[in-house]
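Everything below concerns the one structure shown next.
So that you can tell them apart, the chains are marked A, B and C in the order they are listed, and the count of residues begins at 1 in each.
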Amino acid sequence: MPEFSFLFGQFIGGLTAAMFLFLIASGLSLIFGVLRVLNFAHGSFYMIGAYLAWQLVRWMQPAAEGFWPAALGAALAIALLGGIVERLLLRHLYAREELYQLLFTYALVLILGDVAKILWGTQQLSVSRPPSLAGSLELLGVTIPYYNLFIMLLCPTIAVGFWYILQRTAVGRIVRAAALDRETLGALGANVGWVYTGMFMVGSFLAGLGGALVTPIKSIVPGMDVEIIVEAFIVVVIGGLGSFWGTFLGALIYGQVLSFGILVFPRFSIFAVSVLMAAILILRPWGLLGRPLK
Amino acid sequence: MLEVEGVRKTFDGFTAVDGVSLSVARGEIAAVIGPNGAGKSTLFNLITGHLSPDAGRVLLKGRDITGAAPHRICLMGMGRSFQRTNIFAKLTVFENVQAAFITHRRHGGNFWSLSSSLYRSETHELLASLGLIDKADAVSGALSHGAQKQVELGIALACDPEILLLDEPTAGMSAAETHETIRLLERIARERGLTLLFTEHDMEVVFSIAQRISVLHQGRMIARGTPTEVQAHAEVRRVYLGERH
Amino acid sequence: MTTLKRVPWTLVVFAAALVVPFLGSRFYTFVATDIAILSLFAMSLNLLLGYTGLVSFGHAAYFGIGAYACALLMKSAGAPFLPSLVAGGLMAAAFALVFGFFCVRLTRIYFAMLTLAFAQIVWAICFKWNDVTGGEQGLPNVPYPDIDWMSSLPVLGDFRTGDQFYLVCVLIVALCIAGLRRIIDSPFGRVLTVIRDNAERAQFIGVNVRAHQLAAFVVAGFFAGISGALFGIFNRGVFPDFCYWTKSAEPLIMTILGGMSAFWGPAVGAAAFIVLNQQITSYTEYWPFTMGVVLIILLFVFPGGIAGTLIGAVERLRARPQPDAGSAPDARESDARG
């Protein structure tokens, strides 16, 4: 029987992973909820966000606290990239079959993956933790870095912030309306086009931010785009496509399943992802908090 | 032929159809009327298996078809046309009707024969009787609204129905087209001994060919009977005051 | 359009395919074998995509299953080629039946994601089941089919083994394509088209939509399995990444590249894809980048793919000198499915 501190450590690990996943998956869910597009390139935005953060930190090298502006800068750059992609390219595919939109985002994955390789090579890169959050605390026998703690507080805060904006502000109302009925919204005078662009940018911002913030914890490698997008899909499916709190719940569940699943079935962690996704889609396709399909 | 007994359907707290009953005898032409939102389309969807009622039964020729799969109900002899034209837009008119012949006669499992050679004469006949023969090779999605409605009818008839449910068959038609369509329906019903149940907004149409009329209002049936009876019905007049075409 | 239709494309393609060994180049034969096998793979996917309207992201699973089943039978059980090949197809079809049953209950995005999930499960099994599938190492050294009997034939006997196997492939692929053609022209195929056009209406003409979609899924799986089995032999080895989801993207791209509304579209796409791949990878390692750009150009500029664009161009040329009934170019669209 493993010690409590070991279990607690796994729990914290699962929580940290979950928070990052939530950050990224919430962007995916937001984009799907409003634009009805499943953005395969979301993982690529995450990866480029990480690389950009690394690059910006390097350029600000002598400055000690370069990390925070770098992370923010990377996230904003990704938001801009998302905006350009949506405005110039994606919007022309809305009228077409979903397949075209999916293939477009997949084409972006191919392109961005190689762009990253061209610009930053294939070596592993890493970013050190910001000095302001160096160090860790001891809790119940487990060492928790302050940085991880910060992430665990930041992400729910962002979640609540978004929830508040969506539910309580005029902007949020427009977004929710766009998700439900684009035609009527357009007829009411709201500029649906900019709502879409805006949402895509916000979603991409979240992906870029996630990528930037994960750099002190995980190394930056090619292939992290594909890895994260599959996990983000799972999270969003578990919680329910388009449901904000569903994504949060899905991330928490997935984080813990991964953490403890490895203990129980070490050989089968590779299955966990796909079996979980298949199970949800078979038994309850609209996820835990989504709307039933028919 | 068709019995609907106390069907009810609620969506998220809104009761679209509340305890509606009606019956249509073989060979009869019946209509369901009511203002917008009265629940006519929902009622149709409940009858044809597109939706499952929360309560009540639907019987076709004495057999319980409540909530059965739509394709089963179709194969049992019920045909349907839709309010918003619902045809196979990318196929030609000929192919539309031919497809219906093929599927209804259960050739869907045939992996071997050449589909284009099946039921050619039957399709020709049906198209001729509907006056569509000159448009046979036109892509149906490109036709006018009225022509598409005729194709819709053709598809429904190719399924050799005993009872035909028509959801607003003259919606969006000019007066002349409406007249033509009604004559056509009457003739076909007579020739094939069809039972018709349709919904309509155009009162003229309804009163000209319906033998029995049911009136729906906010999900409930408020009147049932012959045209004369319904016209004289107090509540019906109240509901329709100001809504006459 | 009738001119294009009158050309007996099937014979043309078949004849062209048969010419390749006579060119005497190992490379050409290699590429041609690749094209033949992957054409079948892409065409099997198009049964789902272009004809039934189902987007599957997990078609590689059946490719892989067919490959593993055939290779295992030939390698471990020493079974002869043809039965193993058919067994590969049947095994893939069996899995398609089980997976497809759950997939067709869903629509669109959810359908696509479940096909993806199942494919990943198959991949994970192949990756981990060391005893049977060889795990990460896969099954190298898959034996060649016994085609020694060919050496005794007049012309064919002079060819290298690679050419002989190529001819066997062409024959098998031709038979499969003929089968697919027959199926598409049959009432069953007609129903699939009808389902794609308007699934709701299809129900009300007596079509059990789900049953038909499942049947299409199984047939597509069968032919994917056959192509996988052939590929395993051609590749001289079967590996887990045959099933990885990015492998599923290949027939999708080939089909879009060639055009999904034309019967030969996916084959054209497969040829174009493979040739392009050969050319690009000899210059640069950034093949994914190139593929991504090509895909985007396709999606925005040539949505009908190569075949679709060509057919459209021919129609426009034909329609111009004869401005008769406005329905002339439109009516031809149904011919384009030739």
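Please note the rule applied: contacts are C-beta pairs under 8 Å (C-beta built on N, C-alpha and C of every residue); 3 or more make two chains touch, one makes a residue touch a chain.
This is a predicted model, so every value here is computed, not measured.
Among the chains, the centre nearest to the mean of all shown protein C-alpha atoms is found for C.
When chain centres are defined as mean Cα coordinates, A lies farthest from chain B.
Chain A and chain B, compared by their mean Cα positions, are separated by 49 Å.
Separating the centre of chain B from that of chain C, both taken as means of CA atoms, is a distance of 42 Å. For the pair chain A and chain C, the distance between C-alpha centroids works out to 34 Å. Counting partner chains per residue, chain C has no residue touching two or more of them.
The touching residues of chain A, when paired with chain C in their complex, are 38, 89, 92-93, 96, 98-100, 102-104, 106-111, 113-115, 117-118, 226, 230, 233, 237, 241, 267-268, 270-271, 273-275, 277-278, 281-282, 285, 293. Of all the residues in chain C, the ones that touch chain A in their complex are 49, 55, 102, 106-110, 112-114, 116-118, 120-121, 124, 127-128, 246, 249, 252-253, 256, 286, 288-289, 291-293, 295-296, 299-300, 303.
Within the complex, the chain B residues that touch chain C are 48, 50, 69-71, 74-75, 79-80, 82, 86-92, 95, 99-100, 102-104, 106-116, 118, 137-139, 142, 155-156, 158-159. Here chain C touches chain B in the complex through residues 182-183, 185-191, 193-194, 197-198, 200-209, 212, 327, 330-331, 333-334, going by the rule given at the top.
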